[in-house]
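The following pair of complexes shares a single chain, subunit A, combined with subunit B in the former and subunit C in the latter.
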Partner chain A sequence: MSRNHLLAALLVTVAGPAWLFGAGTVSGKVTYTGTPAKQKTIDMSKEPSCAKQHATPITTETVVTGPSNVLENVVVYISAGAADESSAPAQAVTFTQKGCQYIPHVLAMRTGQELKVVNDDQTSHNIHPLAKVNHEWNKSQPPGTPPLSEKFEKEEFIPVKCNVHPWMRGYFAVLKTSHYAITADNGDFSLPNLPPGKYTITAWQEDYGTQTQDVTISGSETKTVDFTFKAKPY
Partner chain B sequence: MNPKKAVAAAFIIIICGLGVSSAQNGGISSGYPTPKGNFNASQQRGHGLYLRYCVGCHGIYGDGNGENAPYIDPKPRDFVAATFKCRSTPTGTLPLDSDLIHTLQRGVQASGMPPWLALSDENRVDLVAYIKTFSPRWQSEKPGDPIKVPPEPAVTMESITHGAELFQKMECWKCHGQQGRGDGPSAATLTDSKDQPIRPYNFADAGNDARFKCGQANEDLYRIFITGVDGTPMPSFADVIQPNDAWDLVHYLRTLQTHRKSKENEVLKASGGKIPVKPTAQ
Partner chain C sequence: MGKLFAVILVVIALASAIPIVTHTWYGSGINLAPPPDISTHGYAIDKQLSETMVEAGLSFLAAQLLLAFFVWKFAGRRDDQPIKTFPGGAKVVVIAALVLVGTEILALGVFGQKAWANVYFMPSAPDAMQIQAQAGQFAFYFRYPGVDGKFGVLHPDKIDEGNSNFFGLDPANDMESRDDIVSGELAVPVNREVLLLMHAKDVGHSFYVRELRIQQDFVPGLDLSVHFTATKVGKYEIVCTQLCGLGHYNMKAYLNVLSQEDFDSWMKQKVSEQ
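And now, the complex of A and B:
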């Protein structure tokens, strides 16, 4: 082995993480074309303790839009190309039931990461993730009881419902990668700390499905990847 | 060989051939072809029984989409999803073999699933072995640890009254209704995990032979709180109810079965037939 080779081997061993060689970012905006379905107003009169928490009645959140046709609550993540991240973050993610609504409406987490479910309401909820790849379970959470602690081991987008309050619906996005983002009210997302490489970026919207785009990061650059979903007209 | 002899020889060959082939098939009682795949003897026997007794509702793929399924409510179980209602194990976990065998023996009350009394114990074991080939979950997971049912405390008026308070506090009435008639405010909107409408259990309707989906004893009722009924809106209360509280709730629920002879109804009658319950917030 030549001296250069040795040096190179040493550098790789010491430097290890690729981010030392430069980390790229993929950012962009998610928008829609067409006319999204009008969201329905929720009647909470059967649950007065929740109804009184909302000055104006809330609506369903199947499609949440903003000015200039932006889409909120879209999960954007690296579905191929990212290095395998072995362990889930130690920090738990939290899913809160407040005013008979799920906050956030879409909660992303790593496979195996702790999920805490909190009931902030004065009524019983049952948390019922309708998992197909993971296991379906269904637990009651009366008011004043401590948070539930759960985790999911496999990648899946899981609808969550409360059978007592049929309007409550949310999603768990369980992902194998830590490189994910959920679009904010301006439709923007950003996936930082990407080592050089070729990636597949996937955007998931609960009603409109998924879209993918490939992108190559060659150094500490920021690449723009925008997604446009076609609105379902009903 | 003259033509007569040739015909006779051909007959003999055909008859012998039939004899051999029928002898070879003699071991298969179902009359169906031998199943594909690496089934063991028990699974193969179970497969034959499944095609005879179960396929009409649960379907050839075990997905609950059999020929009769459109006419059945609630829908037959989907063995591919491996979500089972009657378990002794926690919500989200696989049942024990004995749980599935009990379901075959008992049937599922208020559903299309009858008790399979005509099957032998060995038949039931074989069927369970075959049913477990439909989902890969059985390869990668073990059944959950069965929940413990502590001894039942005495039926007293205090126990029944406390159970009635818990019925309010846990908001059982939201689905089951204040009189346990299955007519609570959320009842009309309930759906199972396949989006089919489903009714909450009607306690008041039950006669002296009252059964629940997963059994008829107080112990079965206790177990349902703790395990939940997976695939339905009935959640598990394992994390939020103490064993004694769950027994109190069992005692109260028995008094909702007004037409059923029970220790609980006797105790209630002896103390005047009224449960003193604190008014609720609602």
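And now, the complex of A and C:
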């Protein structure tokens, strides 16, 4: 087999369905109705090395909103209908502790994908994912130590806390599918490269829970699916 | 040889007493001196500590010199001489020692209880400012009752640290908790009595501020309290002095003693953040 043939065969295998039948896209916006709870100012006075990194004190990120009622940090993914996918991408995802805050606040990854945890602070952190389905662990990370490397084998939304700094909170969204997106500050998401088929789209917000919608893709079309969560005042 | 040992004993005893008596270590080089007292009750604690130091020092010297005296007197006994004993035998010596030491300990307790009881047995003034202190692994949080002057009820099941609900308040249903102010630092107005209501969230912790001369444990399940009046504006460290787990070394907060005006604007700032 020539080199070109090999490449073509590889392309058919990897991008087969999309390449052959055209690929659809599901995109949309996540918004809320009502009044969300006011986010609380975080008092880091206990850890001056972190407090001084924030010109204005940061707030909790339980509900992060944008103009015209959009919701940020919502994980939108295909929860049913997509073909089983094999191995996780080789590239690792990174979760950084900086200024005694988790960046990003919500980190999505594939099952089995490498997770790197970085401590950029001058203080020790103790990263503790409160996993229920996966194996729960907590690891201490003094300043200057190299990134920790971990992975999760099962699909789960995992709250993450720091055992040293009670205000720190983040989430891992461990997903089987590669079709996922996290809404940015405009509330938009887009799930491209979907072969024709019937899919269940799930949107997850850490405080408001999950919503699902079904959508059918035929050919290379773009379907709009919007989600609206009901905000809680407290 | 025995007489030389007696001389060495005296020299060691005196040599170790000299720096303490002359206070050469006090406030210079390695600073072992207690930091300045910033409380209304602290002078009594300091006085008690120096009295204890003096009494223990004198007893130490007396014991060492007495030991040296006996070593000197009975050194060089020849084997053919009979062993001399204390008149009356060992029983008298033991009883005398017990009475002496017992009286000393009792006296320290009797005179010291006043300093201690002023903090722990005397109630605070009725208009003392109430602040709730909560210790949990591994941070202190302080709660002020807010404009209504009432603390909201605690619901341990509602504790959600990721949402900064460290106390387990229920603002959705409990009006009194809505204006409660939660802070990571303990800000107090200067020269105003504060009643600190102490609450442990998980395990035993301790509240220790050297400058306040206060050290009090948090005990899970017990409602303990301390009261104090800070007399000097400044920022002081609050540390946990009860080994409470992995992050114990990092469990601290700051006591911020402010003038009344500064305290009012601090409070205003906190109210706007709620």
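Everything below uses one rule, namely that the second predicted complex is superposed on the first by the 215 of 234 C-alpha atoms of A that agree within 3 Å, B and C clash if a C-alpha of one lies under 4 Å from a C-alpha of the other, contacts with A are read in each partner's own complex, and residues count from 1 in each chain.
As a working rule, a residue touches a chain if its C-beta (ideal position, glycine included) is under 8 Å from a C-beta of that chain, and two chains touch if they have at least 3 such contacts.
If you're wondering where the values come from, they're calculated on a predicted model, not measured in any experiment.
**Q** Using the superposition on subunit A, decide if subunit B and subunit C clash or fit.
**A** By the criteria stated at the top, subunit C and subunit B clash after superposition.
**Q** Once the shared chain is lined up, is A:Pro166 touching subunit B (first), subunit C (second), both, or neither of them?
**A** A:Pro166 contacts both subunit B and subunit C.
**Q** Which partner chains sit in contact with A:Ser178 here, subunit B, subunit C, both or neither? Use first/second/both/neither.
**A** neither
**Q** With both complexes superposed on chain A, which partner does A:Thr123 reach: first (subunit B), second (subunit C), both or neither?
**A** A:Thr123 contacts both subunit B and subunit C.
**Q** Check the residue A:Lys132 against both partner chains and state whether it touches subunit B (first), subunit C (second), both, or neither.
**A** The answer is first: A:Lys132 touches subunit B but not subunit C.
**Q** By the touch definition at the top of the document, which applies to A:Gln53: first (subunit B), second (subunit C), both, or neither?
**A** A:Gln53: touches no partner chain.
**Q** Just subunit B (first), just subunit C (second), both, or neither: which does A:Pro142 touch?
**A** first
**Q** Going by the overlay, flag which of 56-64, 74-82, 182-190 or 236-244 in subunit B ends up clashing with subunit C.
**A** With chain A aligned, subunit B clashes with subunit C through residues 182-190.
**Q** Does any part of subunit A touch subunit B in one structure and subunit C in the other, and if so which residues?
**A** Residues 46, 123-124, 126, 140, 163-166 of subunit A touch both subunit B and subunit C.
**Q** Considering only the defined contacts, which subunit A positions touch subunit B in the complex?
**A** 46, 49, 122-124, 126-128, 130, 132, 135-142, 145, 148, 163-166
**Q** Given the complex with subunit C, which residues does subunit A contribute to the contact?
**A** It is residues 38, 40-47, 57, 60, 62, 123-124, 126, 140, 159, 161, 163-167, 169, 207, 232-234 of subunit A that touch subunit C.
**Q** List the residues on subunit C that touch subunit A in their complex, please.
**A** 136-140, 161-164, 166, 171-172, 182-185, 246-247, 250, 252-254, 273-274
**Q** Sort out for me which residues of subunit B touch subunit A in the complex.
**A** 81, 83, 91-93, 137, 169-171, 174-175, 185-186, 189-191, 193, 228, 230-240, 281
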